[in-house]
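Every chain is named by a letter (A, B, C and D) in the order it is written, and numbering of its residues begins at 1.
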Amino acid sequence: MKKIECLAMILAGGQGSRLGCLTKKIAKPAVPFGGKYRIIDFPLSNCANSGIETVGVLTQYRPLELHTYLGTGETWNLDRKNGGMFILPPYAREKGADWYKGTADAIYQNINFVENYDPEYVLILSGDHIYTMDYSWMLEEHKMNKADATIGVIRVPQKEASRFGIMTTDERGKILAFDEKPKQPKSDLASMGIYIFNWKLLKHYLEEDSIDSSSSHDFGKNIIPKMLDNKVRLYSYSFDGYWKDVGTIESLWEANMDLLKDTPSFDLGSAWRVYSATPSLPPHFIGPHAKIKNSLISSGAVIEGTVENSVIFSGVKVGANSKIINSVIMPFSRIAENVLIDKAIIAQNCEIMTNSKIMSNDGSVIVIAENEIITPINNGKKQVG
Amino acid sequence: MNRVIGLINLEEDRQLIKEITTDRPIATVPFAGRYRLIDFILSNMVNSGIINVGILLPQKFGSVLDHIRSGKDWDLARRHEGLFYLPPVCAKNDSASCELSTFYKNIDFMKKSTQDYVLLSGGHTVFNMNFNNALRFHQNTNSDITIIYHKATHESSAPCTVLQCKENGLITDIANHSASYNDANISMGIYLMSRKTFIDIVEYAYERGGCDFLLDGIMRLHNKYNVYGYNYSGYVSTINSIHDYYKTNMDLLNPQIWQELFMDNSLIYTRTKNDIPAQYKSKAKVQNSLIANGCIIEGTVSNSILFRDVKIAKGAEIKNSIIMQGCTINEDALVENVICDKSVTISPQKWLKGAINYPFIVEKNTVI
Amino acid sequence: MKKIECLAMILAGGQGSRLGCLTKKIAKPAVPFGGKYRIIDFPLSNCANSGIETVGVLTQYRPLELHTYLGTGETWNLDRKNGGMFILPPYAREKGADWYKGTADAIYQNINFVENYDPEYVLILSGDHIYTMDYSWMLEEHKMNKADATIGVIRVPQKEASRFGIMTTDERGKILAFDEKPKQPKSDLASMGIYIFNWKLLKHYLEEDSIDSSSSHDFGKNIIPKMLDNKVRLYSYSFDGYWKDVGTIESLWEANMDLLKDTPSFDLGSAWRVYSATPSLPPHFIGPHAKIKNSLISSGAVIEGTVENSVIFSGVKVGANSKIINSVIMPFSRIAENVLIDKAIIAQNCEIMTNSKIMSNDGSVIVIAENEIITPINNGKKQVG
Amino acid sequence: MNRVIGLINLEEDRQLIKEITTDRPIATVPFAGRYRLIDFILSNMVNSGIINVGILLPQKFGSVLDHIRSGKDWDLARRHEGLFYLPPVCAKNDSASCELSTFYKNIDFMKKSTQDYVLLSGGHTVFNMNFNNALRFHQNTNSDITIIYHKATHESSAPCTVLQCKENGLITDIANHSASYNDANISMGIYLMSRKTFIDIVEYAYERGGCDFLLDGIMRLHNKYNVYGYNYSGYVSTINSIHDYYKTNMDLLNPQIWQELFMDNSLIYTRTKNDIPAQYKSKAKVQNSLIANGCIIEGTVSNSILFRDVKIAKGAEIKNSIIMQGCTINEDALVENVICDKSVTISPQKWLKGAINYPFIVEKNTVI
């Protein structure tokens, strides 16, 4: 096969158990987002738009819906003759079979795949962040710094810093220290989980790590600290656009809300395209008595009631006199008449019967799992995973 | 239905609808906020199980290739069979090409085909129909040619083809360019026949100087063949004029028709493009309208159809209008009873107003 | 998704250890065959040609090359919008992850996939047989017999019968007895490993089998005998075309040889297309002094020497004065000048140096593994497994 | 090279090679046992990293659509960018369309494009070239327009475009329709320029009634622009006549040329079709020939090129010939110095013989 400069590997195998019932049947990267997207659309579109056309997607947990969605990669322009998108599940060898034991192990087990393309650099991404970013600029900086590895970083509020890998750098961005989820964060520079490595070096570290029985085979916990110990040239690449880890119900809800308002925090309509599979549905229909503001509405929806500050996916029905506020309604859920929904995430194909009321008392986000039927009787039912 | 080859003829009398067909055949006129008219017949064929579809290109075929490309969006991009194009054959003397000569020039292809039946149709009718019942009807009668028709629901002086049928469906008379009356059997211009019959008619009619499949083929040979009519009872609208076009779009604001065409039956496919959900801002007021993805709405919209990527600025008001892809309606503009073709810009505070039965048409790329 | 009548599942996870060094790096279904094919081309082409357009391919062992070859399914016309080809590797669930423990278990673990399409019938195939067959006729017979399950059968020489599952049937094809690899075969009717099941019934048996700890989760060993015990309507469908299990080196070599001769036992050029990925290579070049007979030669090859009774894959080079007899030379292997090869299978990308001689003394088939370099010094080297 | 848009112009002077171009442009003439001539320029563009290629369709475009379809086989079927077709614009008065008017009608498209450069080429040259060095040359000189040329290796009276270059590559004179001499700089008809320069030339030349990009554009504006020549030293053959066609096919029997064109550099892509390996039977005798997949050979073949699915029966003999796809040469026939177009059948014991410098051409589908 053709030698390529930079290949991307997207870690999409995690269960995302903090998303509760939203990931009972599907992998986290397949969770719907923003009216017509799924989370994995973001790293894949970023790759396509950055000119990276060889992408491995590492899957493990409940991949059927994810695999079906990924298809041939055509959605992201990644159905290429040379390269393109490859789904990389765990597999059996002559001597047996291994599941992916950690992020580093997943890449280690696919060294053969990477070697096929003999890349100079490998870009490691995760499948659960919402952002648009041109990786080619990061690669440029990596080359200019003559770095061995470059980590994407973003400033986070000091109080949240202990949830992330936190770095200390010199004025040129060279990384001096890296602490995974420190109790006392020394800075507010957090790792975005985006790494560029010189492949030869990474391969060496992966092989070494694979025989280290004490390792948990994780980039943040094992590979990066070991590289720092060995004085490898590690640089940071600062990103100051919108970036959000949607690993929890609250953050997933917030990220959806960030798309709304007259000037949204995250504007999907900016020049950078986020690709996603477009269903064959007609434009949505707004009924004669509907009222809609500060919302996103996708194709095939029928809105007869009121929608405010909400994200409505394809094929959703909202009946007359119903009111949807501060909520996310995922594809093909049907909201009958006279329903009130406030601050909720309704997963796909739910049916909310007439006169139901879905809102919490304590201000937390309510989640209704896929295919649920909610009647006025069980309507206080709170399902946060 | 994989025993049927579909043929879509895009030659047409373009005089009928000229304002929005300067650069394209009727079949690729944008419709219903997202589609082109040809999407209906193509999707109907595919949803009926037809996997081999030929498109007779008109002279101005650029927009057809651009829209349909490999047929992938209709699942017709196949290594074998799938979509194929029949280029127009320029007649020597006049500039208009002629469907029979195109069929005749490509008759070898039809002869080599392995399918048993041919379903021939035009490309500018709006309907969602599965052809399997019509095929069963064709097989169960001793029909040589089955013409699919629908019942007229109102009188009209616009010319159409009216069929006289016996109770069993046998057609006794075909009147081309007739006026229509209530309950008349209006041909939908869709013909089902065996491949052999199709080839026989094309050869016979072309070799005798014919040009039109219906006039010079079926009607001249009416005595030789058993011609049956099959009644389709769903929603049907054939677009032959700006009036048809405007009215049919407005029909979609009837939820029953919208449901029947797009949601209840098989899906209507179209070229997929990347877009984002429609954005409603804080001052948006939208009622009784179809809104496509990619729209950004800050103003007021009622009884209208907005195609992809239309921007309605603050204070702007759209009523009873069809606004095609990429239009921008600026602050405080008023647009009523108007059809805006693609990428029209209406400047702030401009007022445009047509009549409800005579909409104002704004050409592609115009800035007003 | 659309309901479909019949869905196919192809078992392609086996290692094929009896193919020795040919399957060290690739799964058996990806082994090259017949000058330009791979074994999996046969069941996939049969599906496409039988009008079965929803096909699951169950993979497990070293699937990278197989997955890459399968790609989008476009080669077999199986890149469909509804249905098409799906690769189904083992996966993790909420409660952990399981490898495929047997043929029946592989289907059991993908019940969700099958249920998506709600099929009336499921066709189970294996990925290691060479034959062309119209499954739609078998399905017709299955329906006419009102059978619950139908097994494809072929008559085999009595002496080989003990290698197969052997059936006894009544005059109408109803199966009365089934013995998996019997020492004393009661008939010569062997199972071809092709099953049509009524999906609802099969699902029931799979679920029952999954909790039977004594079961080896195999169709031939467990599911079929249990169905027979329960007096389920089991029918046989007789096939009398060419069919060959290529599970061993000898049989793989024989099947290749069956393609040669003036009227070959198995004619690839018959009306029924076998699809395979076609490389972008020019027509092969036959040099001014070449001699070729009774052979198949594929594109991009350059033949300067003699080729008799052999199968030459794409991009193979045969130097002047070299002689290839009764052999199979897989893609891009280079045979230098003055080499003699007789009754051998040379895997991909080998290099056979000038003056080498590759032939066995005992009449068995010699195999050279992928990427080997053979010099005249190590040339007697025999590598059967 | 994804900053370059490729344009392939299939308008041409078809008089030069008419026998095998009755129904197709030269660009889709079958070549080298498997390819069409257009495969070379298309593959070269793709292999150079160009992902946006426009094809100017000729009047007879059926075979072009049929061969290239969505561009998938060249990896040009993309959701964004990729392959696009520019339909021919029929001039009012004469039947031949004109490349400048087609460019001009599509100039909006070129204006909206995001690429920096345009690489314009014809579609009937056989070569395997990566354009990246030419682009670097273009960038490193102060060139406005770079014309790619090769050195003539022999004298010829066939008309071609000869360039006079200074040592640094600056072109001082362009002679169109010149005879060629040994070592002459023969233009390959490939022009590299900025998108802006391309648009300027098209607008300037079209608005002044021009038709030909070289004659009416570059040559008239030679004083305004710096025009440089870039010398390509690999194998080049432009097919303008049957003689060129025959000779270039025969060139491929030289293993060096075969290697250079198909194996040593990037691959040449073509429409993939399903076929089986060539079958050599017990009486086959084949020497110094190119044999495509799907052939069944029971007879004798020497110094010839056999396309896909050719059958050579027992006792038949083929010498110095080009036999296109699907031909059958029956028992004991003798075919020497012949070009058989697609699907020709030669009956048993027939003898056909042309001259080595004047091959006998048998038209498509003929039975002899």
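As a convention for this text, a residue touches a chain if its C-beta (ideal position, glycine included) is under 8 Å from a C-beta of that chain, and two chains touch if they have at least 3 such contacts.
Chains and their UniProt names: A, B, C, D = Glucose-1-phosphate adenylyltransferase.
Bear in mind that the values here come from a model prediction, so they are computed numbers and not experimental data.
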Statement: Top of the farthest list for chain C, CA-centroid basis, is B
Query: So which one's got more C-beta contacts, A-B or A-D?
result: A-B
Field: Inter-chain centre distance, chain C versus chain D - centres from mean C-alpha coordinates, in Å
entry: 41
Gap in Å, rounded to a whole number, between the CA centres of chain D and chain A: 47
- prompt: Which residues of chain B are in contact with two or more other chains?
  reply: 77, 79-80, 274
For chain C, residues that touch 2 or more chains besides their own: 74, 79, 273, 275
- prompt: Within the complex, which stretch of chain A touches chain D?
  reply: 51, 74-75, 77, 79-82, 273, 275
Query: Which positions of chain C touch chain A when the two form their complex?
result: 13, 15, 24, 59-64, 67-68, 71-72, 74, 79, 86-94, 97, 99, 112-113
Statement: Listed in rising order, chain D residues that touch chain C in their complex are 32-35, 253, 255, 258, 261-263, 267-270, 272-294, 296, 298, 305-307
Task: Report the residues of chain B in contact with chain C in the complex, numbered from low to high.
output: 2, 75, 77-80
Message: Per the contact definition, I'd like the list of chain B residues that touch chain D in the complex.
response: 60-62, 65-66, 69-70, 72, 77, 79-80, 84-87, 90, 274
